[in-house]
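I've put the structures underneath this note.
You will see chain A twice below: alongside chain B first, and alongside chain C after that.
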Partner chain A sequence: MSEQRKYVPALTLALIVAVIPHALQLPLWIVAWCSVMWGYLLASLRFGWPRPNRPVRVVLALIGIAGLLATYSTRLGPEAYIGLLAIMAALKPFESATHRDRMITVFIAYFIIISSLLQTETFAITLYMFFSVLVTTAALVRVNNPYGRYRADLKRAGMILGQAVPLMIILFLLFPRMQGSLFGMRQTGRAISGFSEQLSPGSVSSLVKSDEVAFRALFKGPIPPADQLYWRGVVFSRLKNGSWHRPKRVPKRGEPLQGQDPVDYTISIEPHHNRWIFALDVPARAPTKWSSLYRDFTVQSRRAISRKRRYEMRSYPGDISGRSAWGVDAALKLPAEGNPRTRKLAAHMGRDTGNVAQIVERGLKYLEKNGFVYTLSPPLLDNNPMDTFLFESRQGYCEHYASAFAYLMRAAGVPARIVGGYLGGERNPFADYLIIRQSDAHAWVEVWSAKAGWTRVDPTLAVAPARLDRGAQGALSPGELPEGGAGKYLAPFQSFVKQLQLGWDALSLQWEAWFHGYSREEQQALLEKLGIYWQSWKGMFTALVFGMILVAGITGLYGVVQFRRPHTRKAPVAKYYEKFCKKLARAGLARPADMGPKDYAAFAADRRPDLREEVKTITDLYIRMRYGGDTHLETRKQFIARVRRFKPKQKS
Partner chain B sequence: MNEQFEYIVKQISRVVLGKESQVRLALTCLFARGHLLIEDLPGIGKTTLAKVLAKCLGLQFQRLQFTSDMLPGDILGVSIFDQKTGAFHFHRGPIFTQVLLADEINRATPKTQSALLEAMEEGQVTFEGKTRSLEQPFFVIATQNPLEYAGTFPLPESQMDRFLMRIEIGYPGRSAEKRILQGQDPQTILEEMAPCMENGEVCDIQKKIDSVHTSDAFVDYLQKILHFTRSANHFHVGLSPRAGLALSRAARSWACLHGRDYTIPEDLQQVLPWVVGHRLRSAEDRMEIPRKQLMDVFSEIPVPL
Partner chain C sequence: MKNTVAAKKTPGRRSPANLPVTLTRHRTYMLPTRHGMLFFFALLAMLVGAINYNNNLGFLLVFLLGAMALVSMLHTHRNLVGLRLLSVSANPVFAGETAVFDFLVYSESVMRRALVFSIEKAHQSSEDAAPGIVTRIPVRVTTRERGIFRPGPVTVYTRFPLGLFYTWCTLRMELSCVVYPKPLAGPFQVHEGTADGAKTEGSGILEGTDDFMGMKTYQPGDPVRRISWKAFSRGQGLFTKEFGGRGQTILIFDYNAIKSDDTEKKLSRLCDLVTKAARTNIEYGLRLPETFIPPGRGEQHKHQCLKALALSGKKEKGI
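== the complex of A and B ==
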């Protein structure tokens, strides 16, 4: 029992620490299962309750597997594997009678830690993984040397990990980067909000309620002024059944755009499971090999963005020269009939002029003057939605304004289309970049004139000018946006919490830039700098494996030398034991010559109960080394240190 | 291992009251694949100890009372002519068992004794040219009465060597005897007792004991003891290498039963008097040395650091 106490708490702790990051993803019953098992185990150590024997353990394992099958049935994804690991990890510490069992438990803990990567690769998880590896390594130290103090275990584990750092860096830099996610598995993410292929009333305002980050933008130069922070995503130019669609076929644009005052920046985009790539209006070129620039000035990835990606962009937020006239014809199409009042208004606006600027001016003025309200919860629009919106309800969010304005312009004979994207963003003072959230989602209009090409017009600003500088939150009347649950209680610390969040965000971004940013291309670039040219990653893999075998061989050799050394240096152990005996002899407890070490410990402890613990520990260590075949350097060190420290004072 | 062993000791001690250390020694001897010689007066509980050992370990048990007119066939078995089939049939003797209690072994003639001792050593019986293996584990508990010498054939020293240990049981202590006198009949307890071990488990433990680690330091100590018996002038003849092996085996068994997978000097000290007692004779009168005196002599050997 006492034997168990030396190892089991450390092993259980390592498992608990390893499983914690999975707790949110695992079904509740598995979390409860683990808690009950470990709770019982620790309590049984404390109070001496009976521990399940082998048949009971087998039955428990079968129950767990049955539960797992019931939960996941045939969906054997990473969650099911992690569930299985957790169930087994809950039972394994009950089985720790032999050294082998304990080592297996440690390896299970390591395995659970690495499986965290199946779920996410965020900075927080990675940081936590370092911590859990430390704890598990400390448990490994304890399993092999149960006499130390926990602090010493942690210290040694830290040293081991410290020694592993160079290897880690080499592996990070040289291990072949695979295309795609780790283990070739798609990361399991939550459903993520974002733009869809169509824009209809409500599709933007539903995004605004979400606080989730859409992407982050780090500028090379200063952050452009607020009226230039239009993040272009999708262009909707087909009006059909009251909602706006992206045309089915948009041709790619071969050459990059030219312009003045380029702005260079890096975007780190969160997975949104669509192909849009957001860029400051107007993007100059496609940022990477896996994306293309289209003739409506949007950029799209070849595949849906299902994990974090980083890309470098260039945009011309100011003037663009040489604009393409693509899509002008489509931007005039309206349904044959409907919304008669809007058409009438449009005809009125375009009555005496063909000047696009003037018509746009009139349209904006109309919105400004007629008591329109900027709100997240407009009334429903029935037949002839434009008429209802423009002449009756006069309440809406940006998609209402953009949609009505585009309709109005088309009816007046001005080519117009809607652009979906984001407006603004929150500046992070810690690292001077912008965080663009779903709540910054926005829709605006582009009109075409032969003179100026496609020009951005934001009808929302005519109604709510504050949208530009103060974001949706500032432009809406108070209480329209839901407040976070915790926000209420944290109100007094709001600014502090905000600072904390921003600081953390900056740190995570830095981490991503460093960790995810190190792609295959960068690796190749680095290797080429070092003068290594690889035709294929297979060659590199071979070289790496070879290198690792070499390193393992050297380590093994060193280990053998270390392992053999105590054999040849047996005398010091006996010497220190003799020292220990002499110290006891000075305290009046001389060792009778024919007394073995164990009997002597009992003999000494019997006469000096105050020394019992120390005498027993030293003797145990001595016996382990001298008779038990324990050749660990650590045991020796510990034994010597303890003998040195041992001071049996004369009993007064 | 330790827990299981303690449990068995506890179970046996329910029947053999107040003789725990003898029970431990007997079990150590058995698990070391050794045979046990119990030398004591009649009525002390030799038979009960043998019976309860067999029962507790789930082994078959046979008892054989040795007499001077006994023949080897009485132990090993005989071939009898079957008139129906017209062939000889071997009828197995009492030795085909797992625990054999050989009561008063010194009453039988040397010829009969040798038959038993050879079977003990070889683990097999050769009769009329045919060899038959004995079932494993095979364990002989022999008893002899140290006081009655009339009409006995004392075992020669060379044959005493076949027994791993020789123990005495001795009179029970006062309180133990009171419990014996007041308590339940040992026979009834014995009958109700359930075996503590399953079939094959004894062999498993025996195998485990084979793999107990003996360090250099331990072997040094063992050699010191062997050397001491050969060089000091207390003894007529020193211990043989076979006795050294016996000591090592007994110490390993003791270590294993006490929950260790390596031996320490204390293990050796615990088994020493019982393993060497019947192998050493005094140099003065070539008589056996009383145990007390023997232990005094051995306490001259220092335990190496």
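== the complex of A and C ==
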């Protein structure tokens, strides 16, 4: 029983800390399962309740696995694996009678920690990883140190952790990285909000309520003005059944775009499980080998983006040279019928001119003058949606405006398509970069003219000009966006909290920019600075040997430091006793090698009765501390003071 | 204080260590434990995972854990190396009992945790040794037969702090513990009246049962024969009748007087007699085939007798 009490709380704590990062992704019943098991276990230690014996544990494990199969029957992927780990982790501490059981429990905790890292890679989880490794290692120390106290175990674990960090850094920097993966990857993760392959009324406005970060952009130069911060993502040019689609096949563009006033920046994109890479309108080229620039000026990754990624991008927010006419034909297609009033309006707009700029101007003016309202909750549109929107409801969000405007332009004979992406972003003053959130999602229109090529037109701005520099929050009427329940009470602290959030975000970005970006290329660059070139096997080998020597060297250094210490830092008690012996020796009473302290005291007192009292006191103190286990500071102080004062004069 | 016995570095068989001895680097060895190997393979699996997912955070954790294992090796080493064994002693026991070897160890300035002293692979609990004081570490070994028990080498080991590495030092030491024969219970009187009645030391019988001197309260070990059953039947409790002979009562336990063919049985009987006699105030002596111990009393005398019994017929003569 006492054995259990010694180890089980530490082991359970380690498992709890390891499972916490998974709690959000695990099905609720597993979280409940873990809580009940651990709660019962800890309570049973406290109150002496019976603990399940082996058959009961086996039955519980089977129930857990059955539940797991019921939950994940169709997709036995990494999530099911984590579920299994959690179920085992909940039961394992009940089984901790032997040293082996306890060690295995600790190893399970380590496994749970690493599986949490494969899911998310934020700065916060990195810090949390160190914390949970510390707690788990303290449990490991406890398992191997039956008499210690938990705080001492924690301290020891911290010491080992601290000493391991320099070695970890070296190994991290020098361990050869590969490109690609060994066995191919299983994509994991939940669906995250973002753009999909189609745009229909409501698909942008549903994003706006989310505060999630879509990506961050760090500019080499100054941040461009607000009217240039259009982040291009997807181009929708096929209108079908009332919604806009991305064409099935968009050819890749071989050569990069050319233009004036390039803007260079770095995008660090959050996983969104689609292939879009967002770039400032218009991106010049694909940022990596695994992505391509398409002829509709969008950039896509070859694989869905399921992890944080960083891209070095270049864009031309101003003019681009070379008028790509790709997609012009498709941008004129309209269904054969429907929306008669819109068609009539379009015909009226294009009645006397073929000038694209003039038609666009008229279209925007129409939206401006007719009492359109920018709102997140427009009424539903019936079977002639453009007619209803343009002539009756006149309420909508950016996708309604973009959609109606593109329709109108096409009906008037102007090639038009919709671009989905983001507009604006929040500037982080701590590191001068933009945070683009889902709430910045936006849709606008591009029209084509032979003179200017594809030109951006944002019909939303005709209705809500504030959208440009005050964001969706500023453009919508108050109360349309949820403020968050705690907002009211936190109002006095809000700006402070906001500052904290931005500071943390800046720190995370700095970390992630370096940390996640550290790959084969960065490693090569670093090693080349050190004079190691490892394009070849020879270079790789050199790097490995170099790393090993460094690790061995540092480890050896620790060893040397540790083994020097006992000699330099002798126990003060012994040191002062030696001093005492030396003083007596100078007085002609050298201590024979085989004489114990007690005998020596008698011997000295016999020769020098005048010193008897002092010698006896000092010797008694010494014996009390050294052999009697008296560790009081006072005793030690008194002993040292007496030895210092002790002055046996030479007997003449 | 300064009489450190330097470890003699001889290849092959080491000469037995003389106490006090310091567990130096040259005497200690280290290997990963089974769990250490398991941990290593788990790390390898994690590393493959990190490579596969090209996950830098995974790399970071794998290297952190690997580096911690490496550092823990130093901690394990340091937990053992430099420990001083000052002395070891063991009190005599009867055969079949557990001998306790008390090791006195001293650690200069390092807190040493979870040290295990093991003799003949016997399972032992671990002990801590605080710096600056002498710590007593008892090690228990079960004895089997009488004689001088000289157990095999002592292994001092530790797996602290992470249990991934095992460092040990095996010392061939002159450990010894006197093991008395196992007492064989029987009547206190062995032989009633020899032919040669005049010879007082002829057998283990009581001499001079002539004069009744009085009564004393019964002590365990008092001869049953002398219990005053009359007093007992009156409900007055147990009393022993005391007799005065020619002054002192002297007993001589004679090996040859015990009727048995089995030497060990004889010695066990004698052992029983000696321990019982030692509980009374009687002077007793012991006659063995090879030695005669004149009558005496006290702990020292008892030990001398029992030790003679332990060594009877053995080649060894004392420790």
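Here, the second predicted complex is superposed on the first by the 363 of 652 C-alpha atoms of A that agree within 3 Å, B and C clash if a C-alpha of one lies under 4 Å from a C-alpha of the other, contacts with A are read in each partner's own complex, and residues count from 1 in each chain.
To be clear about the criterion, a contact is a pair of C-beta atoms (placed from the backbone, for glycine too) under 8 Å apart; a residue touches a chain by one contact, two chains touch by 3 or more.
Just so you know, these numbers come straight off a predicted model, no measurement behind them.
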Greater residue coverage of chain A in the superposed arrangement, chain B or chain C: C
First, second, both or neither for A:337, with chain B first and chain C second: neither
Touching partner for A:598 - first (chain B), second (chain C), both, neither: first
Which superposed partner A:574 touches (first chain B, second chain C, both, neither): both
Contacts of A:382 with chain B and chain C, given as first, second, both or neither: neither
Which of chain B and chain C A:146 touches, first, second, both or neither: second
Which superposed partner A:627 touches (first chain B, second chain C, both, neither): both
Touched partner set for A:175, first chain B, second chain C, both or neither: second
Chain A positions touched by chain B in one structure and by chain C in the second: 570, 574, 578, 593-594, 626-629
Touch list for chain A against partner chain C, complex: 99-100, 103, 107, 110-111, 113-114, 117-118, 121, 125-126, 129-130, 133, 137, 140-141, 143-148, 156-157, 160-161, 163-165, 167-168, 171-172, 175, 177-178, 180-183, 185, 515-516, 518-519, 551, 555, 558-559, 562-563, 565-566, 569-571, 573-574, 578, 593-594, 625-629, 631
Chain B-facing residues of chain A, complex: 570, 574, 577-578, 581, 592-599, 623, 626-629
Chain A-touching residues of chain C, taken from the complex the two chains share: 1-3, 35, 38-39, 42, 46, 48-68, 70-72, 74-75, 77-78, 81-82, 108-110, 113-114, 125-128, 130-134, 159-163
Touching residues (chain side chain B, partner chain A) in the complex: 213, 215-218, 260-266, 269, 298-305
